[in-house]
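Two complexes are shown next, each including subunit A; its partner changes from subunit B in the first to subunit C in the second.
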Partner chain A sequence: MDGGFTDIEARLARLRGGQLPETYDARKIAALAGNPGCRRRSVLDAAAVEKRRVASYIGFPAPFGQSPFAMARESAFQAQVKDNGAMELLALLREVLGLDLAEAHYDDLGDVAGNVNQGLRYAHTRQVLTAVPQRRGTMFDHPLLRFRVAGRHAYLQPDLVAFRHDATFHVVMVRSFPVIDGQADSSGVAAAAIQSAVFVLALRDLLAGAGLDGDAMVHHETVLVTPRDFANQPVASLLDVRKQLATVRRQVARMDRVEDIIAPLPGDLTFDLDADDKGVPRRRPGDLADAVGCVPASYSPECLGACEMCFFCREEASEHGDTGVLGKAVREDLGGIESVARALRLARGQGPGPVPPDLAEAATIVRRAARLRGEAMAGDGAVPGHGAVPGAGTVINEGTGAS
Partner chain B sequence: MTTLTALARALAVESGYAQPVRTVRHVHLSDRPLVFIPLQLAGEANAPLAALVGDDREKPRLLAVYEPRNRNQRFEFAAELAESVILPYIEGYAAGEPGEKDAYADAPQVLVPGPAAVTFTRLLGRSTRFRRTDGEWAVPASVPVLGWWLTYLAERAEHPSSSLLLPMTKALSAHWATGQSEAEDQNLASLVRWIAPPPGMTGFEAAREAEDPQAWPPAGPATDPDFDRDVLVGLIAMIRDASGVGGAALERARGALAAALATQLEQTWALMWQGVDLLRSLPEGGHVAGRWGDDRFSFTTNMRYFREGGFPQARRDGAVRAAARLSRLEREQRELEVGSAYDDPLVMAEYRMTGEAFRGTVTEAQRDRRVQEPGKKGAGALRPLIVVEAAEDVLVAPDAKVTCPAHPKQKGVVRDVRPQPGGATVRVEIELSGGMGRGSGPAPAGTMPAVGEAVVYTTLTGEFMPLPKFPDPELTPWTHGGPPPPYVPRDEDGNEAWQ
Partner chain C sequence: MDETVEELEERITALRAGVRRAVLDGDGPLAGALRRDLRHAERAWDAALDSASTDSASTDSASTAWPGTDAGDAAAPVRPGVMHVPSARDPAGPGAEPGLGDGRGRGALLPLREQVHEALSLLQVPAAPRLIATVHEAFFALAFPTARLTSLRRDEERSFRSAPFARPYYICAALSADYLAPSRGLLAISTWPAERRIIGSLSPRVDFLVSAINVARAIEQVPEPVPAARALLSRFAANVRGSSGAGGRSFGPAGRIDPQVVIRAAQAELEVHAEEDQRTRAGAARRARDQLDDAQQLFGAGIRRPRSGEDDEDEDEDGRPGRKAAGGR
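Take a look at the complex of A and B:
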């Protein structure tokens, strides 16, 4: 087993090539769990490839970035909340968790005598968090956790504070999107909930590894600290993440074991940019794109907000003519037919050959839709003049084989 | 999403151009809409950065905030937006005082790029409507007024049938299907270019080109993070430095920021008006004027309440108000669906798809058929019968109530549904009543479908259950929190954002 693990590590290192491994964070795991069937993403993430760099080198730069203003705001708010031994935070936690603590100890685990080695930091975190509780309330800032995903351990460097009261931990997340009149941006809350679920699982793992009852010790209610209304005043809310815990657990379990994904890939496959001493890549972009293309992806429009490779995969799926490019709902409405060309051939009643039995129902649906559309657009001169809009008046041609 | 829309998307992929999914326009479009494109600073809670706004496409007005994190400047922006654009525009539709049961002849219409700009409008309304115009944190008098109206517009935007505040991406994607996903349709530039690409390009090519945020800045309110990093950070720092010096250096720095912000807004301005043109190219649906009438009444009522010194809208609705509002929204949604289907054969086709409507040809018409109702004397009531032969599956059953969109006031009851020998057509008997005048003879020609006419009959009707009765707010039962406390302006409402 040990030998196999090393082999995998060596294989992943070769896939990554000369680039520095990219660190995992909860955001990435949450995104991966959102599309567990994507082998391409699993491999690239397991090999810690810097996807942003690869994507832009092969001509499909990621469509999203983070504004320096947003980052500055996030860290300013975190600093404010954690200032003075996290006084403000403690007051909020007392209120939201209903504790009668006068004070709590604040431990920063971010710095192990100036050592930034991840293994050391993790060991330190584990040592501190599994020690017998000596104080009633303790806050741990910047712990380093570990999470097993796609067959391999990933270190998480959360911006979280773990709060321990007696023997129970609560995961605390500080986010800078506002809660206005008791309502927050739902996508922000959803993202925070799934990320804190990843932290809860990682923390439970850590405690279980030390022979403790992690499930009982880490509470499924996490604390989200955000600014209130339009001011900088923080407010804490409880998030019940039981549903997210189940989702992450299920998706991570479903995720193909990375060994199995790597096994059929060519042995010399690598995503190396082949940088020279000055860091300038020498590899032909087309060659790298071919290498990425070796690992099958499963693209859907949801990838657009979540994965740096999305434009590359979208292009690939478009060239294939996949109906999935239009969204899952469209594919379902077309009776589950996977190819645009096929759906339209069936709609027009064109061959080749008879309709296979598994597509008979879908074919009936799209044929009927095509007939109704043609009728509605041709009927009573109801189609308005679209002179300025090329192609916009196109009607489906039934059975003529045109287009 | 429906199968017909999905099919249109597939056709758009194949042809490379967006495909119509509506044959008429289902939203109202003003002769003089106000286009409002706000930008906000990333990371902050509703910090306005700039806006390009106006009702004349040749003369957009640029408003900029030179230090978006400075709260005083935020309210200066709000005051300028209110005084120079929004309030004069709104007041322009409210000259005079219509009678108790009348409405203003027209109402304002604000067009924004997309749903995110509606959220921005709602939050800007929320952050300004409670401001005080006296005391320590006084703001210009126009600021809370702006908040009042922006809150009203954002609330109307949640009504399915309202066009007072209209997000352009939503209006366009309701009428055209592109060859991309709904998520990608949120990008105004790529959506418009799928529908109307420049000469020599397919919609697909033009849309892909428009995804480059450098060439096609986002329509906001979020800015391009690269613009923030490469341009905005430096310019805001320059203004901060120049603030100490003042004079020409500060003017120069502000000019540079305004010019940079303009580059992020001008293309969206052009796209918004191109969207207006595209929507205008569609003839207006028959029910649109009626829905706009509801908007005009709503606007009139609110203007009256505002002029009577009405309080700013509550932070949250009380239980009774919330329930009544939800019930109204659901009813409006249903009315919109029915109205759209009656106006537009492509929408009706969706109901034919699901069996809620069918189309056929009238083969028989008994115009003078009468039915003796039990216990009544005389010649009996006029109940003409028509036979419709439909060449499609008919899922409506006998006794179903049906209506023909061409004769919306005439009620029909299905009496018989019988597939014809051979199975190619279905014979449907429909008994008609109403909408045939008051004469004593047979139904006059033209008041009911005639032999040979192609007709559509649908179970969708414009008749609705009356709205449920809700108690007065003072009688809110304890299960729903009891009566809400009456609103009293508080000092803390006026200064919250300065804490």
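Take a look at the complex of A and C:
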């Protein structure tokens, strides 16, 4: 076991090359959970490669996750709800969690006597949170948790953890996207739910490590605090993250098998930029792009909002005519057929050789779809069988619906 | 006169920056010329101010003076060390138009530390820069950028360490009850009892309730509170259980929040927390007195390093007036 772990570590270190390892955070786990089939992201994240740097070096910089306005907005909103002894947050938590009037404690775990060292903060968080059932406490600001992912510990910092009189912890997330008329941006909520699930698991780990019943003590309902409508007034909602907990657990289990993904890759593969003393990369960009291309990706338009490699993968996917370019729904409808050209050939019965057995079902579906489309288009006087790509997608949807 | 006080202030600021750059670049002749301009501008500023208000003749350049770079300027007038009682000073009252030249002008003459002192004296509890600035804007008709407060505590500490207890008060830190380290981002006044400057886990809430009560009381004494003051009270009221919402109980005749309701509600919650909080604070204060030296009792145990270069720059701007004011007394 130990030996295998070291091998994997060494292999990941070789993939990373001379770059500084990038920390693993809740966002990465959430992004991977959104696209679990992407081996490229699994490998790059497991090897702690700085994807932003790699992407811009190979000519596909992604202006992703960097909006200083959004970040400033979020930290201003966080500061607002935590101002004055977290007065706004406490009012909300009293409402959604039914806290007693006496439960108004606030502990800032953001530093230990002015020291912000992560190891020290984690130890302090552990000491304080595991002692909570005996001593009193309600709101714990900036706790630092640890989560084991792909063979390494990642430090995670939830916005706040609340403790209630019935001995349960609730993870609190503060996000700056608004809830308008009771409706929030679904992708924002989904990301927040996944991230809070990661925090729940990390907190359960921490308590379990101290011999406490973490599963029972950390509630699967987390609190999401967002601005209401178009003002800055915060509103809290409860999020049930049981589904996300299962997803994250499954993801993490997969990530621990990152060796299976690495095994078929060439032994000398590396994403090193080969930087000189001054940090200037010396590797040929094309060479690095080839290396990245060695690991298969699973591109879909959703990647554009979640992954630094998205533009590279999109370019690659459209060159290959991957079905994923048309969206996840089309890719799933075409189950198993990887490229648009192949789907069209199968639909017209032009495939080279007989249809392989694993594609037989998909082939039947696209043929039926093509026939239906042909009939429909013939009524309109159009030429059957020569639809443009988006049209093919639409018809196939109709076809599967009919079958 | 050619320029208004505000224009002169802008020019003085620009000139000071120019002097600093010239001195740092080692350009003596340029620095000398700029300093001459600066002195002219400052004199013009004094004159403009004197003619603008005869009763507030006491001018003060200590808040922004640069004794280090402008050592030759011995003519800088020293403001008399008046202690201001916040409730007695009321620029927003009927005698003065809130937000107009007179109130603003007078506020701007106070050094930053005295403005902070005014706001903290009203609140009577340790507070974060943002709240201090809001309170000052609401009751003293002047807002100041919170960024300037980041270095204030460090300047005060430096001043205290070089000449302990030389000033009547210092803007100091609140101490965390566990490690007696400076509590993040909170400012306090050194003349308060140690118990009040200790932050236990209930203290943030207790301090919030106390400041809600004090803000409500201050508003009661003002016949026509400015919108900023009312906004502050309603924000506080919204977060004290029983002081807002249902049935409009908290609203007075003009549809405004009734300070008395806020005070009663805050006091009711305060009673729930007071004993436990007091116990924590008293214990920690005892420890602080036993274990820490004078400077640590005010500014906290543990080492705090500046976190960014920006802070260091601020330090230069605010650090010097601090020393000058100390020497002037």
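What we mean here is this: the second predicted complex is superposed on the first by the 291 of 403 C-alpha atoms of A that agree within 3 Å, B and C clash if a C-alpha of one lies under 4 Å from a C-alpha of the other, contacts with A are read in each partner's own complex, and residues count from 1 in each chain.
To be clear about the criterion, a contact is a pair of C-beta atoms (placed from the backbone, for glycine too) under 8 Å apart; a residue touches a chain by one contact, two chains touch by 3 or more.
Treat the numbers as computed from the prediction; the structure is a model and nothing was measured.
Undergrad: After lining up the shared chain so the two structures overlap, which partner does A:107 touch, if you call subunit B first and subunit C second: first, second, both or neither?
TA: second
Undergrad: Examine A:137 and indicate which partner it touches, taking first as subunit B and second as subunit C; both and neither are also allowed.
TA: second
Undergrad: A:55 contacts which: subunit B (first), subunit C (second), both, neither?
TA: neither
Undergrad: With both complexes superposed on chain A, which partner does A:171 reach: first (subunit B), second (subunit C), both or neither?
TA: neither
Undergrad: Regarding the shared-chain residue A:84, is it in contact with subunit B (first), subunit C (second), both, or neither?
TA: A:84 sits against subunit C, while subunit B stays out of touch.
Undergrad: Please work out whether A:297 is in contact with subunit B alone, subunit C alone, both, or neither, and reply first, second, both or neither.
TA: neither
Undergrad: Would you check which partner chain A:377 touches, where first means subunit B only, second means subunit C only, and both and neither mean what they say?
TA: first
Undergrad: Under the stated touch criterion, name the partner, subunit B or subunit C, that contacts more residues in subunit A.
TA: Result: the larger residue contact count on subunit A belongs to B.
Undergrad: Which bits of subunit C are touching subunit A when the two form their complex?
TA: Contact set of subunit C toward subunit A: 128, 130-131, 176, 179, 181-184, 201-208, 211, 236, 238-239, 241, 269, 272-273, 276, 300-304.
Undergrad: Mind pulling up the subunit A residues that touch subunit B in the complex?
TA: The touching residues are 63-74, 176-178, 180-182, 227, 229-233, 301-302, 304-305, 321, 323, 325-327, 329-330, 333-334, 340-341, 343-344, 347, 365-366, 368-370, 372-373, 375-377, 379-380, 382-386, 388-394, 396, 403.
Undergrad: State the interface residues of subunit A toward subunit C in the complex, per the touch definition above.
TA: Residues of subunit A touching subunit C: 79, 83-88, 90-91, 94, 101-102, 104-108, 110-115, 136-137.
Undergrad: In their complex, what parts of subunit B are in touch with subunit A?
TA: Per the stated touch rule, the residues are 1-11, 13-20, 23-24, 41-46, 123, 126-127, 176, 179-184, 195-197, 202-203, 211, 213, 223, 225-226, 228-229, 232-233, 278, 281-283, 315-316, 344-346, 348-349, 352-353, 359, 392, 454, 496-499.
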